[in-house]
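One structure is given below, encoded as structure tokens.
Chain lettering (A, B, C and D) follows the sequence in which the chains are written, and residue indices restart at 1 in each chain.
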Amino acid sequence: MSEAAARRPLRVATVGYAFMGRAHSQGWRGAPRFFDLPRDPVMQVLVGRSPERAAHAADTLGWAEVETDWRRVVERDDIDLIDICTPGDTHAAIATAALEAGKHVLVEKPMANTLAEAEQMAAAAAAAAERGVLSMVGFTYRRVPAVSLARQLVAEGRIGEVRQVRCQYLQDWLADESTPGSWRTDKEKAGSGALGDIGAHIVDLTHFITGQRVAGVSGRLDTLVTERPVAESFAGLSGKGGTEREPVTVDDVALFTGELAGGAPAIFEATRFAWGRKNAMRIEVNGSAGALAFDFEDMNVLNYYDAREPARTGGFRRIIVTEADHPYIEGWWPPGHGLGYEHGFVHQVVDLVRAIDAGEQPTPSFDDGLAVQRVLDAVERSAGRRSEFTEIPE
Amino acid sequence: MSEAAARRPLRVATVGYAFMGRAHSQGWRGAPRFFDLPRDPVMQVLVGRSPERAAHAADTLGWAEVETDWRRVVERDDIDLIDICTPGDTHAAIATAALEAGKHVLVEKPMANTLAEAEQMAAAAAAAAERGVLSMVGFTYRRVPAVSLARQLVAEGRIGEVRQVRCQYLQDWLADESTPGSWRTDKEKAGSGALGDIGAHIVDLTHFITGQRVAGVSGRLDTLVTERPVAESFAGLSGKGGTEREPVTVDDVALFTGELAGGAPAIFEATRFAWGRKNAMRIEVNGSAGALAFDFEDMNVLNYYDAREPARTGGFRRIIVTEADHPYIEGWWPPGHGLGYEHGFVHQVVDLVRAIDAGEQPTPSFDDGLAVQRVLDAVERSAGRRSEFTEIPE
Amino acid sequence: MSEAAARRPLRVATVGYAFMGRAHSQGWRGAPRFFDLPRDPVMQVLVGRSPERAAHAADTLGWAEVETDWRRVVERDDIDLIDICTPGDTHAAIATAALEAGKHVLVEKPMANTLAEAEQMAAAAAAAAERGVLSMVGFTYRRVPAVSLARQLVAEGRIGEVRQVRCQYLQDWLADESTPGSWRTDKEKAGSGALGDIGAHIVDLTHFITGQRVAGVSGRLDTLVTERPVAESFAGLSGKGGTEREPVTVDDVALFTGELAGGAPAIFEATRFAWGRKNAMRIEVNGSAGALAFDFEDMNVLNYYDAREPARTGGFRRIIVTEADHPYIEGWWPPGHGLGYEHGFVHQVVDLVRAIDAGEQPTPSFDDGLAVQRVLDAVERSAGRRSEFTEIPE
Amino acid sequence: MSEAAARRPLRVATVGYAFMGRAHSQGWRGAPRFFDLPRDPVMQVLVGRSPERAAHAADTLGWAEVETDWRRVVERDDIDLIDICTPGDTHAAIATAALEAGKHVLVEKPMANTLAEAEQMAAAAAAAAERGVLSMVGFTYRRVPAVSLARQLVAEGRIGEVRQVRCQYLQDWLADESTPGSWRTDKEKAGSGALGDIGAHIVDLTHFITGQRVAGVSGRLDTLVTERPVAESFAGLSGKGGTEREPVTVDDVALFTGELAGGAPAIFEATRFAWGRKNAMRIEVNGSAGALAFDFEDMNVLNYYDAREPARTGGFRRIIVTEADHPYIEGWWPPGHGLGYEHGFVHQVVDLVRAIDAGEQPTPSFDDGLAVQRVLDAVERSAGRRSEFTEIPE
């Protein structure tokens, strides 16, 4: 009997096979190849509304079967975990049903489109946890090794007390006015625009790296291009538009300032209009004894300034986060042989499977997801009230 | 007769000989050596309250005489221009008196400590201008070649319509809690902290590069270290403190979002607590057809993204701004032989002397300085009203 | 019947499961998940001398069976392709036997340890090709998208005529004197040190990107640390040494200058002693109309200077090579979601499977591998003759 | 009496007022304004063959008088120091005459066009030194603060024992074939091309930073564009050519490998054909305990890797060399307010005046200049003998 067979299987069904479905599939496929897992993920069912397209995707991505209705999968006895990769407006329904049916849940971010949904999901997760049913939100950027290292260094006191945070998430895929609209520019489907799509990431990173939550914000939301061509075809995030036009009902740019629970001021920008910045998710944390800076455009690097070093020989250190003792690197390659975007999805599976096996709450939990949602909601409310500072309840 | 003698002199008196006085002196000394000037600056008088220290400074910096009271200099017939390098609380009095006495005026930024003073100065400047007496504010960063080039490219339409601005001015010289207080941490003397000292620069840069003024802001001001040792000695911006302590009455960090006159959202941060960032004055402007990015820590470079270039070969271009046809470079060295901080002060003198000779308003004018002051004032008012969005009158 | 089943299988046996075996396995596993392949790779057999360790590796990496002797696999009828991931001293024997047995062959670089072996392998490959049996050398760095784009841009004339090449391959994993010896520091096993291990890559990249071969060299080889601890255990490239010591019989640093077939001068450095440089494989090509620069430490970026652009707005463009029309990107993620080290192994499988299906010679061929070997051999001969310039026969 | 008057004057005559004459003038003018000098430089005479152009230059640059024949200046009693800024073919004659006449001498690099001249000059300098007459070569890049800091850190053992050196000096001002010829492309005037002009700098930097001399080299010299238009006018290094053409008799590219006195291998490239690299003078030194890297295109930064730091938090530190305790910075600005190209010329004057006042040999001495010349000569001889390794006598 092979070793894999000896491990208890973890039978997975994933709902959705677009961008996120593909990335999650790579996570499920890759994790057992590079890491020692206590349970063996089985890629059982891929769920999609179109049977033909779902079958094609399942074949390509490595899933054993397809279903067209997520409700049926939730009812199946032979599924242990539901992985939700659909747009945000469906998250609450699927996650709640799955948790109630005793399935572990992994849900892509943003956890939900509204605060009410997020609260309902967090309550469902808390109830499920009492029955040993676990849940996690897919903020995979936490699992970029350089980001995990940042959190470790903060926790170790390497930058002292956190004093300030600055974050940017800069993309440019909507900067071209001829890029067509999509569910991502439709408030009904997406909840919000840059704010929920990418702003959510930098809020979560702030929570993760500093260990503190955002406690209040003052925000503004701007829609720079208010109408776009209706899409005739799609390719990745982009596509081809026709002559018809549709309104953009979400924000293109979200700007907010705020403070952490410990009082440290923080500043955030999320935009899809920053020409030339393709996926520049950046965070810099200033402490009383140093600083850390990360930019996803240089994702294998963490910059660290140690203020205890004399100024004469001090400077931001460009740590190439590919050493054997860096987070997650034991599964990969020698120093300098960097990782890419989808490796975070592999690490997510590793951590999730280990937590499930240990019966421990994986992170980020639905509570963590709710915390992000509360910040996004506060930004929206502040933006609706002339940027007035808006506290965020615990 | 030498050529210099043939040019009409421009007799200058400078008030103050600390950091800014030294930098301005270098401007006056250097400009005629590298550029063809229509008038010949004569470094006539250095003004300082202590006769010994002023005499020593005058000797070192190249001034012919010293005076201890700026009022006497304002009254002298043999002075054409008063250059004001003292702390902000003295600017209004000196500038107004000088303009009334028919002296051209160059005043270091921030133009004034309060909006009322700035308005009074702008009125004085307007009245003086009718009599041919000219005035200018010392926002020298406008004259970094890469910054001037940025303005040219925006004006030429190289990035299309301005859509977004993001600015940071990051320093770390107050991050060490043992750094003593100084006039810069005293609201009476300095007016404000990071906001007026370095925030003023990024507001002016935004005005200069985009050609649009900030029309409204939502801001917050934080003081991270509320007490500092009283200084026993100084060296540059830093110094040695004793056991006594004094309160910090200014902001350490200023964060604000806002919008330009044309509606483009903008985001600003000024801090002296960003460990490892020594003088990172950064501005990035996103337009409908491209983007520009500048960081003073790489001051001879302007990054330019041309969105008209196909994405396959597009990317931020690292323009090394040392070519003969770049702004101000004709006076200096071959390509790649970069300039430093104080060159902006030389360029300031070049532009000021040429404007005076031509009888034209130099820029930035006191009106430009007032515009910055109005933004700073609005940030302070917004910060006092829970970050409420605050319009800035034209 | 599923689509995969409809495709003809390509049954693969891989010899070796250390660093390269793991990377190749990921190539075989991943290629059909991200790319449309005309044949379906079947991961049939993993070959390793220790049955237990091979079985464990096969289980982890996803191979169906194990064998302990590569000779048996070569004789099997149900294997279409032999993938050789063992140290260089075994390449010639395995590759030649496999080709003679009608198996397609993929062999890791360096193709062989000696020029004689490489010549024999190239002859075997030529003979096999006449029977439709194909072969390829694993210079996977060619398949980093930014490197492939560099070749395209040169071929399109975007930098004009090639005038100069400068290459560096800088690592630091032997810089620590306490790092134990291994087969990589043993001339018998490895053939040479930095020269064959990493110097080979930059020679191949030069051939690939410029489309010209190195025609002559002047070289020197230095061994900086002549003795190392005997290894007691290994972890990646590094390990723990005991108190016994063994000689280092290969070069630590290889330096050579030379010229391309078209006469362009070129300069090369390969070292494992460059502290802080983890895997800095760099190539810069200067042409008559522009330049290209690549550094593996920033592997998703190609820097391009277009000399036809006026100097005023010219500068190295940082092309983030993640656009849909960049090489290989159609299989992956949206712009800015970069790739990592092992993606090149996926691309290698894609290109190899497509070539086999089309019955076309894949590249780099054994002839390409031989060309690199001739350069390495010439460097060694030159180094043995006081760096005298040594021509390389076509 | 002013303090300046109290200091003994050092009366200077500078020969030449082109690029280097302008830079040296700035050195003489600026040094006493920013640094405390024991003697007061007096800018007495500017020497140029054309009286009109010399007079104009003297007026602009701040020299009191002009002479048209350097011989007359050498004979004057009221001159203490001759500063030689003419092309290399005149250096030996002027320097030797000046030294014999008891004048201190500063000579721009390269010290001479031939080894014989350099030897003669070094002998003259040695003889003069016995009479208290001092001499110095103008390798000003030694006085870039980041370069001086590099030397300090090596001397302090911060990178351990020097193991390897890699240098590049990349420019692109001859990459355009239509750039006209000049004295710099004429072997008679310039001695050599890239080798002597910019290769000399990286050899001297190697000597300076490592404290070891290059002991042997293997080199090649290439002329990539063998004919250029005859210049009709000049602007900086560039100019406008007509229809007539002239041969290029110097190297465009110099490549050489070699070893230091202590046995460390080293590699060097000097080129004027590296499109997009404007003045990229780069040196990286690898030691047994760390590494240092410098690039003049980021001249206020020194990158330092400390191998004693655990790999987990290790990385190249970007030291911004503008702290008060960094070399030469005490004369300038607060941290982050960087210096430019010509500041090295100010520092050169500071060090020279202090050495003269102290009666101590300034560095780099003519012996140091001769050492560089010997390396250049050995490269040329090696290049003429199929790159054969050529020892350099002490």
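In this text, a residue touches a chain if its C-beta (ideal position, glycine included) is under 8 Å from a C-beta of that chain, and two chains touch if they have at least 3 such contacts.
Quick caveat, the model's predicted, so the values are computed rather than measured.
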Far-end chain from chain B, centres as C-alpha averages: C
Reference interface A-D: repeating pair among B-D, B-C or C-D with over half of contacts shared: B-C
CA centroid of chain A to CA centroid of chain B, Å: 42
Intercentroid distance (Cα basis), chain C paired with chain A, Å: 35
Centre distance in Å when chain B and chain C are each reduced to the mean of their C-alpha atoms: 54
Shared-contact residues (touching 2 or more other chains) in chain C: 172, 277, 314-316, 320, 335
Residues of chain D defined as touching chain C within the complex: 159, 163-164, 166, 168, 175-177, 218-220, 222, 224, 253, 255-257, 259, 264-265, 267, 269, 271, 273-277, 284, 286-291, 305, 307, 314-316, 382, 386-389
Of all residues in chain A, those that touch chain D in their complex: 149, 153, 158, 301, 303-304, 306, 311-320, 323, 325-326, 335
List of chain A residues in touch with chain C within their complex: 2-4, 19, 23, 25-26, 29-30, 32-33, 55-56, 59-62, 171-173, 235-238, 277-280, 296-300, 320, 322, 324, 332-343
